[in-house]
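Dumping the structure here so I can ask a few things about it.
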Amino acid sequence: MAGSIYGTIFQIATWGESHGKGIGVVIDGCPAGLSLCERDIQQYLDRRKPGQNKYTTKRAEGDAVEILSGIFEGRTTGTPISLIVYNEDQRSKDYGNIASCYRPGHADYTFHEKYGFRDYRGGGRSSGRETIGRVAAGAVAAKLLKEMGIQITAYTKSIGPVEVPFSEYCYSDINENVLYMPNNDYAQKASDYLNSCMKSLDSAGGIVECIVKNMPVGIGETVFEKLDANLAKAVMSIGAVKGFEIGDGFAASRSNGSENNDSFCSKGNTIRKISNHSGGVLGGMSDGSDIILRAAFKPTPSIARTQNTVNTDGADTELIIHGRHDPVIVPRAVVVVEAMTALTVADMMLLNMGARLDRIKDFYERP
Amino acid sequence: MAGSIYGTIFQIATWGESHGKGIGVVIDGCPAGLSLCERDIQQYLDRRKPGQNKYTTKRAEGDAVEILSGIFEGRTTGTPISLIVYNEDQRSKDYGNIASCYRPGHADYTFHEKYGFRDYRGGGRSSGRETIGRVAAGAVAAKLLKEMGIQITAYTKSIGPVEVPFSEYCYSDINENVLYMPNNDYAQKASDYLNSCMKSLDSAGGIVECIVKNMPVGIGETVFEKLDANLAKAVMSIGAVKGFEIGDGFAASRSNGSENNDSFCSKGNTIRKISNHSGGVLGGMSDGSDIILRAAFKPTPSIARTQNTVNTDGADTELIIHGRHDPVIVPRAVVVVEAMTALTVADMMLLNMGARLDRIKDFYERP
Amino acid sequence: MAGSIYGTIFQIATWGESHGKGIGVVIDGCPAGLSLCERDIQQYLDRRKPGQNKYTTKRAEGDAVEILSGIFEGRTTGTPISLIVYNEDQRSKDYGNIASCYRPGHADYTFHEKYGFRDYRGGGRSSGRETIGRVAAGAVAAKLLKEMGIQITAYTKSIGPVEVPFSEYCYSDINENVLYMPNNDYAQKASDYLNSCMKSLDSAGGIVECIVKNMPVGIGETVFEKLDANLAKAVMSIGAVKGFEIGDGFAASRSNGSENNDSFCSKGNTIRKISNHSGGVLGGMSDGSDIILRAAFKPTPSIARTQNTVNTDGADTELIIHGRHDPVIVPRAVVVVEAMTALTVADMMLLNMGARLDRIKDFYERP
Amino acid sequence: MAGSIYGTIFQIATWGESHGKGIGVVIDGCPAGLSLCERDIQQYLDRRKPGQNKYTTKRAEGDAVEILSGIFEGRTTGTPISLIVYNEDQRSKDYGNIASCYRPGHADYTFHEKYGFRDYRGGGRSSGRETIGRVAAGAVAAKLLKEMGIQITAYTKSIGPVEVPFSEYCYSDINENVLYMPNNDYAQKASDYLNSCMKSLDSAGGIVECIVKNMPVGIGETVFEKLDANLAKAVMSIGAVKGFEIGDGFAASRSNGSENNDSFCSKGNTIRKISNHSGGVLGGMSDGSDIILRAAFKPTPSIARTQNTVNTDGADTELIIHGRHDPVIVPRAVVVVEAMTALTVADMMLLNMGARLDRIKDFYERP
């Protein structure tokens, strides 16, 4: 409970620092019988890999994942799946005044106060590389969900002030621009904006949106373990996320009931909603519509400008952060949001199986 | 894990339906030695009680809390504190087509699908009365935090489109208007807006803001158990909440690093931030500034207009919800946000105690 | 996590002191659709009720259970089931030197040291009345298991030195003698032994055995969450239990592999074991044979003799415990062992449902 | 929750199969500031290493542990500590009829039924090599406890019928004989017994005893989370353990209250017990005396004799297990019991810190 373990049935334990030997995750509770190989995981990791374009850091890391346990004859065995990504560049280097200063917007100060000292190499455990464990495990959860027909897609809704309005979404554009935006024209505008940020030695934030399609009805528990409450925790636990919404989110607070309520209608043998202001969740349980959530990311705190701060002795000082840093982390965070969503939905799908006596009896009385 | 248990060390288990015998909560893990009586809890419950003004439901309920266990000679003993509020009006009545229809914006449909049937009396477990357990337990958590100098205050930031800008906050107004807004003039505008909603048989939403003062630095765990991630879950688990922010929240996504970063400075022997865009949390741990969070509530789904829906047989139908319902739940939800914040902060304060070997040794080596 | 919450999916939270307002339990995670009424629970509580014979305390308590929530139209709704038993006699009385002395063999001293003070009225939370919550919840778990054909039976294997050998078991005798022994003759010998204990102002212990019939194969998780490990915790958490065994238990440590191994054989279309030294668990998972476990109870610590002890000031003193106490608690503990077994097995049955992808797909693809 | 995660605050997640790439553990929640290096862990692993004498398997494994994360400048940082032991011999080999048969006394059948198939290579996850993760993590927990003056020692009390009586304990002998018995003469008798077992192609079991010295009073939570209940689960979760006792254990069931009760007495400024029948736990909390527990291990199920069993098609067959197997696992299990005890005590020490308001206030009000 120092915080690196997540989930109730589909559980994960992540570990590793930015400049240590490696980063990894242990998945405990993945059902047996899922076909799984390293390629399934690598394609998710590749989406968060740095060095893909000029807006992301240029470190030449392979981030190749290795499966250490839990697979036999190509399938999960029900026992823990241990995944590791070795850090390729662990050379000791000069961390300059990073070691003795608290960077504004970073966790340096809070880490130091909580634990008495901190691993200052590359941010240690608060580095963005921590998300490798989330993404590797999320890839497994996503594959499990696909077996049940559930598809999760995340993309960049906005970067700084450049936001793609829903009416101009073109989902096929998402993988055609380096920013993962659902409209190539807006992606171009966002690129221009990022260039201007870089010129002024500044950084930008943005919003990631995530859609879950094909959810069965009733996933999520009532009261404290609502599906949307758990999604909020999952997504807010990603570094740099400062806000979370489901469905109409904050806009719903300015709406009226007559507009915000989604009417039900019958469609063949099934029940549908004629709109989806709820974002696919009613009373904390999936309502059969797409789940739609959004995460607000703050601007990258590492900027090239000189900043005022204090050192570990508590004295005022100026700080210049050397090296190259992403002017925006949003594009690389898209797959992290997808991963945290997959982990949460998978866990709540498994938790839901004990909700009804009739289905439990069916389960145990199968021939 | 059907969802009515919350917390890791300071844990609560809530129970009860809107029209059953009562509503209650068991608190397990409250430290021994806290002075506690029913009045401490009642004053929190009174703030969520209906019937206080024309915008809240008129049921004449006392909602008097009774302590059933866990107190000896006026202090908590470290054993479970059981609290109960009996429902005063349990008379069976005609629930009309509520029993056979799925109300738009409510959890009727999802409850029915998850569990196979539902307690339709007053919404059963998805009723707003479920929050009595949260508020009663939250009152205890808040009293515990006060012993450590921590103060939590929530209020209504906006109702519908009427939002009090930060520059016009007047905290002393909060308890002077029935909407708990930090500016009486805006409260009047919000009242006017609510009157217009009621005239058009409609309802409104709003935003609750909550501030935690006097937090020690370093509360919250890293990675998945971040303080803000847990606050997000806690607040998003309240019925009708559709969005959560900490600090600048969604606005941070449109900001730049140079503006969003809070510089550190020394002030006497302590370290301070010169601004608080972070909302008091860095890397998931409290940074010593005030924690500031916001929750977006959707409009009350029960409206007096005729609505389209389906019945439990899946056939299209029209629904009229009789009886009187709040045109807005936000003012009554203020204390619920405060309660969930208190429960979460108290739990993470206790969890934090094992973070450092030197402090653990001090703890166990006391004379 | 002060310890009164148990279970992962089928969870319970118990509360209440011996001489407070009442004792109760909240069950969260009981599947929806289980037919349940107070009589189902009362028949379990009646088995632990004092005053049934001369070996148990004579307090005239009804211990009538009341269901406060979670039931609609006679069936569980999937929401928390709150159960309460009011204490009938809460009159303040003279607790004599119990308040200022630490009774040997009781939790007085440890409670005082852990919490700084203690509720000394009747033992407070460490009283045997605490088991009311376990038994009430266990009755619900047992009813759930019966729906799946699983039957749990506990009985007194020994009292003091009087032990019924397996070869002389007569299960139909269990409910024919007040000691719940599976042989009326041995029950008579045990009664004689208890009479001699009472004459010498002393008390006795004993062993409770519990059998679970009709378990499906594969219940229990590997490594730390083995079925037998969880049963051990469940049973050892009952006050006064000092030992736990499954199958041959301690005798297995003196056996040889050739004797202790249970050979498998085919029987029609199923696989059976030709013996059951394992007690129904292999590798922490149920193996299809009966689960057989035993719990060793120490002698009742409250005895009528003068005892040496210290008072709360740390000074040596003599203690005489007034009032009437059970010379043996074993017969009343039989139903408590049964309850803890039922709670554990029910929880692990629900946890097991997510073990295999093929069965999860079947579950979610049902028509 | 497939079972490989253990603990509430001091948590571990183990992984790895007998013949996979390696075995490992992630420790999350170890306090920051603990001096730790690989040697600290290796000396525990060396005690469970096979090939040390003729009674343990002869595989030439180094079992060298590597720390992958969580340490900076020689001390724990409060972030996850990832430990790995690579399997040296992963060559594919002929597993003969092990793959198609269910070995009596092993988890083959239950694994297959639970998960639909199994990793039959060397027992997969049910192999004794699984304990490497427990022991590596237990070494860290033991080092943490030593910082607080707590010392844990386990040893072999009996092998088969050869049991060292308490009156003949000679603790200094423990590390002088390969069986870790507290009396070299009994160790010789046990060796003779094991030789006779091997001659008759058979195996033996035994009892491990473990003592925890220097416990503070009040560790352990009441009701379900008693210290002894958690120790029971921890120890019973070790493969092959069939029984658990604390203090007098099963013998207490045959004793009388006048004998079993431990009287308190004052000694200087402290309170002591004049005897320790309780085994250091009263009401589930440590009472200041040594904690004494025992675990009963069944005989090694792998024996060289021909055994009757069924194959995976459900047909009767005979099985001969080739290769060399330990005739007794008890000596190698000694350190595993010590490890599980350390993990449990460390976790409950951390959990206890939130028990009293006065101490929490002291903790947070330190200068």
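Per-chain numbering from 1; labels A, B, C and D assigned in written order.
Operating definition for what follows: a residue touches a chain if its C-beta (ideal position, glycine included) is under 8 Å from a C-beta of that chain, and two chains touch if they have at least 3 such contacts.
Model, not experiment: these values are computed from the prediction.
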**OP:** Compare the contact pairs of B-C with those of each option in C-D, A-D or A-B, and report the one where over half match by residue number.
**Re:** A-D
Original post:
Taking each chain's centre as the mean position of its Cα atoms, how many Å separate chain C from chain D?
Top reply: 26
Original post:
So what's the Cα centroid distance for chain A and chain D, whole Å?
Top reply: 38
Original post:
Which integer distance in Å separates the CA centroid of chain A from that of chain C?
Top reply: 44
Subject >> Multi-chain contact residues (two or more partners), chain C >> reply: 1-5, 8-9, 14, 29, 32-33, 78-79, 114-116, 125, 222, 351, 355-356, 358
Original post:
Quick one: do these chains touch in a line, a ring, a star, all-to-all (complete), or other?
Top reply: complete
Subject >> Of all residues in chain A, those that touch chain B in their complex >> reply: 1-6, 8, 14, 102, 104-107, 109-111, 113-116, 125-126, 130, 158, 160-161, 197, 200-207, 217-218, 220-226, 228-230, 232-237, 239, 242-250, 252-266, 269-271, 274, 277-279, 282-287, 296-303, 305, 307-310, 314-316, 351-352, 355-356, 358
**OP:** In the complex, go through chain C and note every residue touching chain A.
**Re:** 8-10, 29, 31-34, 76, 78-79, 144, 147-148, 216, 222, 349-351, 353-366
Original post:
So in the complex, which bits of chain C are touching chain B?
Top reply: 1-5, 7-9, 11, 13-17, 20-24, 26, 28-30, 32-33, 66, 68-70, 72-73, 75, 77-82, 84, 114-119, 121, 124-125
